[in-house]
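Following this line, the structures themselves.
Look for chain A in each of the two complexes below; its partner is chain B in the first and chain C in the second.
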Partner chain A sequence: MKSKGAFLIARNNAQIDYVKQAVFLAKRVKKYLDIPTTVLTDSVDYLKTTYDETVFDRIIPLDYNPQKNERVYFDGALYQKQATFNNRARCQVYDLTPYDETVLLDTDYIVSNNLLKQCFNSQEDFLIYKESKDIAEVRDEQEFKYISDTGVPFYWATCVYFKKTKTNEIFFNLLQHIEEEWDHYRRVYQITSSLFRNDFAFSIAIHIMNGFTKGDFAQEMPGKMLYTTDKDVLEQLEDDKMMFLVEKKNYLGEYTALCTKGQTIHVMNKFSLNRIIDKELSNG
Partner chain B sequence: MDKGILVLAQNLPEVNYVKQAELLAMSLQATNPNVKISLVTNNNVEFENLFDNIIPVPWNDDAENSDWKIQNRWKLYHASPYTKTIVMDTDMLVLQDISEWWKFLEKYKLFFTSKVYTYRGDIAKTSYYRKVFEVNNLPNLYAGLHYFEKSEEAQDFYHWLELVVQNWQAFYEIFLEGVTRPKHISIDVCASIVSLILGNASNITNSLTDYPSFTHMKKNCQGWVDSSSNWQDRVGFYISRDCNIKIGNYVQTGILHYTEKDFIEKSPVIERYRNLLNV
Partner chain C sequence: MDERLSKALDFSNYMVTLNNQKRLLAEKYQENLLVFHNGCQFTATKELINFVKLLLDNHQDDSAVITDDNGIPAIVEDIDSFYNLIIDAYFSASNSYHSEYMKLKNQRNVEKLVDYEK
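And then the complex of A and B:
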């Protein structure tokens, strides 16, 4: 029997408690996917003293090594904060995961159905989302089609399924190389910002694995990646039901209420997500 | 002779189509050394031994005073020395072994490419250039890469093509809505009108097959948001010593239709092929 599980990475910065999100997501992974969760974190003590560590199958410590990778985080359309983007550990997941089959998830990917279970029945070795949908449906989605106007297709590192195979080991080694030589690769792939992004690194690595052409190394995850940007606000969450305020097109600071049920959604507004988690935790 | 490629090249003062045809022949020699190629032209050819035959434009030059040089295209059926012919535009490069394409084409008497690709390998959205086809429900034929076998069916098609090319304004008036009607002759439009008249689109195209086709480098069908510049100014062109080609981040295969007239001057492509083939 092959082992199956989810893998999360939680590296806090001065503004956002990713450990809190990981604890919250691990519970939902158990509830909806019925698989254990491993977390890789540089805040093990904080996790153990602040939250219920038993939600995790394993807690793997990561050296505290803050990066100079700053970005702006929005909390709705009108409010923003600058914070460190500690996102450089994903390439280690292949070596660190204790599972034969792993679903690697961002902590802000709010699992609300059992769709990802289908990955474990797949014949494919590597699944990732290329197809996505902004639930607001009013924004230009071009930035999630290609990593640059003339570049390669965009893949979401938010949610990735992989088996332990030789080819996937090569992929993750390649990912590490791209991460180490990011400034070179982002220029070769026409990315103007120097900010390291896992989505971009995965997209480039997939393109290389495909032999610099359109190929079939990466297959599509079940369904589509649904997302809301950090210009929207997660306002309510109850079991599999969520209520968002999504920004109105051409009306800065105005929102439309949008409810979802049974949909797994990538909630990019991490501040509003943490407020919701706080409510959940205070309700027991 | 059994089979081969046929190209028509008629120079303009500002464009040396014969030179493009020579480059095409070099690329063919590099990837398909046993495939024959003939050139139909009245112009001087520098590297004659790249071609198996150099054939004068038959029956006078109907395009003598034309900037588009379309008017002689219907003659290719009659000029071809081959039983089975693939016709190609001069501004193309053959980047892979196409022997499987020949096998596929044996099922047809006439075959036109009807979908083309971007340099990223996506199906090109060519609406920008092909509104006339969409609005008038014309079969989406690309004469730049097509095939015929000497046969009654193909001859019939080419007889009609002669008629349409020689009377293109009259046919445009009948088959094309006024606002979409091009002001110049297009061999793709003429061929599509013939196909419409003969009702044979499903016999001469195949929407299910990916190839034979080509990578179409017109800038407005690459899926770019910003198409303000020529493709050579938007993405890098790289050619290795063994003439493997990359555009942007993509290795190119199949047939590359580079379209921009200054491509030969701007890139080291001729030099690389000459070095590779010792031409």
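And then the complex of A and C:
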């Protein structure tokens, strides 16, 4: 019997409590996917003293190593903060995961149905989302189609399924190499920003694994990745139902209400997500 | 503000919200049409249903190769049970789509549109 589980990475910065999101998501993973969750974090003591650690199957400590990878985080269209983007640990997941089959998730991927369970019945060894949809549908989605204007197709590192295979080991080792030589690869792939992004690193690695062309090393995850950007606000969450205020086209700071039910959504506004989690935690 | 414009803007807001909700329902419908069989993903489209029914009608009900949503050829062993699987998924998804769509259509203001399931 092969072991199956979810893997999360939680590295807090001065503005965002990713550990809180990981605790929240682990409960939902158990509820909707019925699999255990392992977390990799550099804040083990904080996790154990502040939250219920029993939601995790395993807690794997990561050395505290703050990065110089700053980015702007929006909280709705009109408010923004700059913070460190501690995102350089993903390539270690292959070695660290205790499971034979792993679903690697971002902590802001709000699982609200059991669709991801289908990954574990797949014949494929590596699944990732390429198809995606902005639920607001008022913005240009080009940046999530290709990694640059003249670049390769964009893949979402937000949600990835992989089996422990020799080929996947090669893939994750390649990811590590790309991460270490990021400045070189981002120039080769014509990415103008120096900010390291896992989505880009995964996209580049998939392109290389496919022999520098289109190929089927990576297959699609079940369904489609639905997302809201950090210019939208998560206003309410109750079980599998979420209410968003999504940016209104050409009216900066104005929003349209939008409701989802039973749909897993990538909620990029981490501030509003944390406010909702606080409410949930205070309600027990 | 001119009352005529104010009413038009209210209606405009309502329409934007209604269209957003309709779009999300359509996405959910597509997701509900997905069927997983032997590790492959199929969408229970009218085309797939017709093709599988054609196989059955032509007495090719043992096994057949059918390409899945990702273009991967899959051997479907028992065509009859596969047919039942996709037709169930189609009707279950379509019925749910229809009932949610009708509920949505009957909401006459923005508040009810985003709260229609309660």
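The rule we apply is simple: the second predicted complex is superposed on the first by the 284 of 284 C-alpha atoms of A that agree within 3 Å, B and C clash if a C-alpha of one lies under 4 Å from a C-alpha of the other, contacts with A are read in each partner's own complex, and residues count from 1 in each chain.
Note that in this section contacts are C-beta pairs under 8 Å (C-beta built on N, C-alpha and C of every residue); 3 or more make two chains touch, one makes a residue touch a chain.
Owing to the predicted nature of the structure, the values given are computational and were not obtained by experimental measurement.
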Item to complete: Would you sort A:142 into first (chain B), second (chain C), both or neither based on which partner it touches?
Response: first
Practice prompt. Using the superposition on chain A described above, determine whether A:212 touches chain B (first), chain C (second), both, or neither.
Written response: first
Fill in: Superposed model, chain A: greater residue contact from chain B or chain C
C
Discussion item. Between chain B and chain C, whom does A:241 touch in the aligned arrangement: first, second, both, or neither?
Written reply: second
Practice prompt. Have a look at where A:83 lands relative to chain B and chain C in the superposition and call it first, second, both or neither.
Written response: neither
Discussion item. Contact-wise, after the overlay, does A:195 reach chain B, chain C, both or neither (first, second, both, neither)?
Written reply: neither
Worksheet item: In the superposed view, which residues of chain A touch chain B and also chain C?
Response: none
Worksheet item: Touching chain B in the complex: which residues of chain A?
Response: 142, 146, 149-153, 188-190, 207, 211-214
Response to the item:
The answer for chain B against chain A in the complex is residues 120-122, 222-226, 234-235, 246, 248-251, 253
Worksheet item: Can you list the chain A residues touching chain C in their complex?
Response: 113, 115, 118, 121-124, 133, 135-137, 216, 219-220, 222-224, 226, 241, 243, 246, 248, 256-263
Response to the item:
In the complex, the residues of chain C that touch chain A are 13, 16-17, 20-21, 23-24, 27-28, 30-31, 34, 36, 38-41, 69-70, 72, 110, 113-117
